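Across the two complexes that follow, subunit A remains constant while its partner is subunit B and subsequently subunit C.
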Partner chain A sequence: MSSIPAPALELRDLAVRFAARGGPLVAVAGVSLRIAPGECVGIIGESGAGKSQALLAPFRLTASDAQVGGMARLAGEDLLAKSEAELDRVRGARAGFVFQDPMSSLTPHRTVGEQIIEVLECHGRAHGAAARTRTLELLEQVRIDDAARRLSRYPHELSGGQRQRVAIAIAIACDPPLLIADEPTTALDVTVQAGILELLAALKRERHMAMALVSHDFGVIARLADRILVMYAGRVVEEGTAAALVAAPRHPYTAALLECLPRLDDPPGAPWQAIPGQPPDPRALPAGCAFHPRCPRAAERCRVRQPQLDGGVACHLPVSA
Partner chain B sequence: MSASTGAPLLRVSQVGVRYGRGRGVGRAAGFVALHDISFDVEAGDSIGIVGESGSGKSTLLRALLGLMPIADGSIAWHGRDLASFDAASWLALRRQVQPVFQDPLASLDPRMRVRALLAEPLQVHRPELARAAVDEAIAKMLDLVGMPAGVLASYPHELSGGQCQRICIARAMMLGPAMLACDEPVSALDVSIQAQIMQLLQSLHRDSNLTLVFVSHNLALVRRLCRRIIVLRQGRIVEAGDAVQVIDRPQHAYTQALVAAVPVVARRRLG
Partner chain C sequence: MPGSTRVSGGIELPQGRALRVAAALLLALCMLALFAPLLSPHAPEAIDWSRLAAAPGAADAHWWGTDRLGRDVFARTMQGLRISMLIGFVAALVSVAIGLLWGAIAGYAGGRTDAVMMRIVDVLYALPYVFLVIILATLFERGSIPVLLIAIASVGWLTTARIVRGQTLALRQREFVTAACAMGVPTARILWRHILPNVAGPVIAYATLTVPQMILYESFLSFLGLGVQEPLASLGSLVSDGARDMETAPWLLLAPAGCLVVLTLLLNILGDGLRDVLDPRTRA
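This part shows the complex of A and B:
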């Protein structure tokens, strides 16, 4: 028996498929990841890369016809073997979730207080006056000003940033060891985004919480993540520590994504380095490496053979360090 | 439209916009969306309008397009006040100033194929053109925006977001406008596609002497694309000037906060 604690979340060869017209749609193909307690893993990729599916499908939070294969363990427990009733006791209690749009993840006709209390009562963490006290504490922990008055407010009476703070309060209400944040700041202004990222960083630090952060934005990922996984067409194409991956990307896709990112010190009027073409249709993935039709380095073997993740990069011709 | 000599392409003078009825006091006075906005846009210039949600960026753009009545001040095109425009002048202005919006799919009629979408501006503004001439203009435009002729028979929903935005830009360019008014044109697009659209806008601006008004919340995009910048906060201009200067050495506390909030990777090489 090893003394190393089980990872907060472990995925091994996770596959997510959907039955679709014109053949099966492969959303996730063989994704493996481990998130240790207190660690934040960022998953970056463009729309349709499979980043949300990889994290949400094991909790059955995506379309009900998703066929999930491989292995998914939460603190050592098999998620895929759990019944719907068992998952109900996991979601919100042992794993918290924060989504992109707090306006649609909160219930519009119930007050902020009611929605937080509901989570506490539902998972048997607190009832009555104790739940109310705990709710107030939670609102303070997510740094909402004037928390006592906000309790009786409806979501539409709050700003976007405050709504996202309420959503985070709900996600951490039961002290879950794992928080999954799916594009948590995409709908927010940059100034508000900065505040939310700071809050998430503080919560992770103070609670030693494991965190999975999904985003299409390298700036957001690099702010919080200890390690980064880059996904393309349902696969992890590169993974590494945040600092190394950003400073010296090895997969041509990662390098191109970083090159596309507009920066505040770009020369004015500099030409834009676009990645030609567009991400492939998941029902008709190209043979070999899925990125090869857009890749400036692609060679014959890239068109034929699927590269495997090896030494942190899935590429036949990685960018040399 | 005859151009008065010396007048800028567009002159915005002390413009105010109110939502609501605009009479009475308190709530009944309406919400002041823009207050005392003044700036000029010279032909061939590129000007970025930045600010947070609710700062009035989109309202300002809509006012420039004549899509939003203004309560105070004036907007003049080539020295002529829009308030004095008759139907014919408006029609002429529409040929000169074209919008590009954030959500390209919502901007295109879902029942029309790409060919019809691109032909429509010519059918409205240049009905005398023969079908062959329209087809030729469409082919040239598709080439300009980097789309294959194969998309002509497609409906918007069959295209990706980036392709739809190219079609929106192509449609806006069909009449050879002097100015594009873009409202967050790449915000709904993935980063790799965003760069493709920025590349297209930049080349149109350079090669066709197209004037650009570019509304965005992304300071890095504005700094790279635009020569000038206007920073809006709560409907007022808090800072304006040369884009690089304003972003690199912001004077107003609000601009400083906006710059400071840009995530670190996006300003890694600074300082």
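This part shows the complex of A and C:
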């Protein structure tokens, strides 16, 4: 059921550049991706790999000096050709967004209720008493108990988990067919994290919502995603179904990421696994494969020629299954 | 203890007491100025030929004496107080409104718009405002209150604009602004509902401090003879008149000057107090 007519979101060769001192900074260098209705795609990679940029730039939610190239379609409609006013009608209504830190993504001086109602009103979904009723329903759907009382609370009066639930309520207020969650659990502690992931899974199930989940945590992605994209230095280096990718990673970077996960059956005091070296500076990417300086399998051609995504992996010497 | 500040001496100083006292006194002063015509039997421009330059406490209810033309100093000073307060408050309101709008737009738009808008502010800063007022005064009726208001407000908004622009620039980077944008909230509404409420604190405090500044501007202009004209009086024009007879009739200077000092002092205390209360950094 992966490619029925119009995917919820389709990116083709999406590139995001910033004009920076010392040459253009390439944050995303040609990412292609397709999210079918009801499908959850996870995007994983280290900080600076371009995961958030790839998903936020088509909606013009990154720095205003970003130059976005390639193609981005939301349910078949070209996003890059839209004016700011047209995008205002898309954002929130046809694509909802959840950000990393709910403390900073909610406006501190306004109550939770006002912030949810605002979205409903901005998109003409409900006004006045109807908006209030709808807001209560939304808070119940994101499983905030005592919703009526929370309505008049300010963000700082809620716990981290409740704040993120409010942020999710705002994101789904207008029933968007697509939800983009940018590190939605990173700022939360582990138990709260589990609750939020469960909520997202339930929303996806109940509303048949397409979802793009950005994270640097394999644990988070693996629980929710149907398919996973692994990004490194602005490119997709591996792509596959969640089960296959976790069970048998083919790109050495994916394999290394999976090895970094601490396991409960590791002997106490076992050394932490880390990928040696640092992610490359996007202004000075190494020639050939961007991962080669850190790759244990790197050979001569890896230093020279950029591998293309082929059969789900962009590597000259993939790990064989 | 919440709501109080510990002073090094170990005394618990209830936060905002000075604020409340200043606000109460200010209110009392406003009432006094407004209801003075009911208290005093003398009209500000009425001339009492039998008592020219009479000392305070003279008979016939001339509590603060009379000037050389036999006009009652109390009535004149209260009229001056009314006009100075009117000009101060209106000019502060107008300049804060302009500054808020200008600063918020410049800060939110950023880039070239911001640069152009702020250079205009810089240029206006560099213009000596006295020249501006002299030009306005020659072009229009000298001493008309609307012209004075325009002249004063035209320089008053500059600092507000700078403050608001700085705050907006910082707020624009905050995630909740991106989040609001991500939910399809239009720009104008983001400015109005998400940015302005967050700059309100410092701006309200600054606005309170602007009022005495405006009053002093006006007084200065009136002192130079560019401000309010006879028979109307402002505190500044009264001080200017009184200064001429300082040696022979000091009450002519002391009455308006005293009122001016008390008024600006109270407004400054109020502004400082509000800044402490509204600034989130000083909040526990």
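The rule is short, and it goes like this: the second predicted complex is superposed on the first by the 313 of 321 C-alpha atoms of A that agree within 3 Å, B and C clash if a C-alpha of one lies under 4 Å from a C-alpha of the other, contacts with A are read in each partner's own complex, and residues count from 1 in each chain.
By definition in this document, contacts are C-beta pairs under 8 Å (C-beta built on N, C-alpha and C of every residue); 3 or more make two chains touch, one makes a residue touch a chain.
Not measured: the values here are computed from a predicted model.
Novice: Using the superposition on subunit A, tell me whether subunit B and subunit C clash or fit.
Specialist: Superposition check on subunit A shows subunit B and subunit C fit without a clash.
Novice: For A:Ala6, decide between first (touching subunit B), second (touching subunit C), both and neither.
Specialist: Touch status of A:Ala6: no partner.
Novice: Rounded to the nearest 10 degrees, how wide is the angle at the Cα centre of subunit A between the Cα centres of subunit B and subunit C?
Specialist: Taking subunit A as the apex, subunit B and subunit C sit 80 degrees apart.
Novice: Considering only touches as defined above, state whether A:Val220 meets subunit B (first), subunit C (second), both or neither.
Specialist: The first partner, subunit B, only.
Novice: Considering only touches as defined above, state whether A:Leu264 meets subunit B (first), subunit C (second), both or neither.
Specialist: In the superposed model, A:Leu264 contacts subunit B only, not subunit C.
Novice: In the overlaid three-chain picture, which partner chain does A:Arg91 touch, first (subunit B) or second (subunit C), both, or neither?
Specialist: second
Novice: If you stack the two complexes on chain A, which partner ends up touching A:Gln273: first (subunit B), second (subunit C), both, or neither?
Specialist: first
Novice: Of the two partners subunit B and subunit C, which one touches more residues belonging to subunit A?
Specialist: Counting residues of subunit A touched by each partner, the higher count goes to B.
Novice: Once the two complexes are aligned on their shared chain, state how close subunit B comes to subunit C by Cα atoms, in whole Å.
Specialist: 7
Novice: Can you check the complex and tell me which residues of subunit A touch subunit B?
Specialist: By the definition above, subunit A touches subunit B via 46-47, 160, 189-194, 197, 216-220, 222-223, 246, 256-258, 260-276, 278-279.
Novice: Along subunit C, where are the residues that touch subunit A in the complex?
Specialist: Touching subunit A: residues 110-111, 174-176, 178-187, 189, 193-194, 197-198 of subunit C.
Novice: Note which residues of subunit B are touching subunit A in the complex, please.
Specialist: 52-53, 160-163, 190-196, 198-199, 202, 217-221, 223-225, 227, 243-244, 247, 257-270
Novice: What does subunit A use to touch subunit C in their complex?
Specialist: 59, 61, 64, 84-85, 87-93, 96-97, 99-101, 104-110, 118-119, 122-123, 167, 170-171, 173
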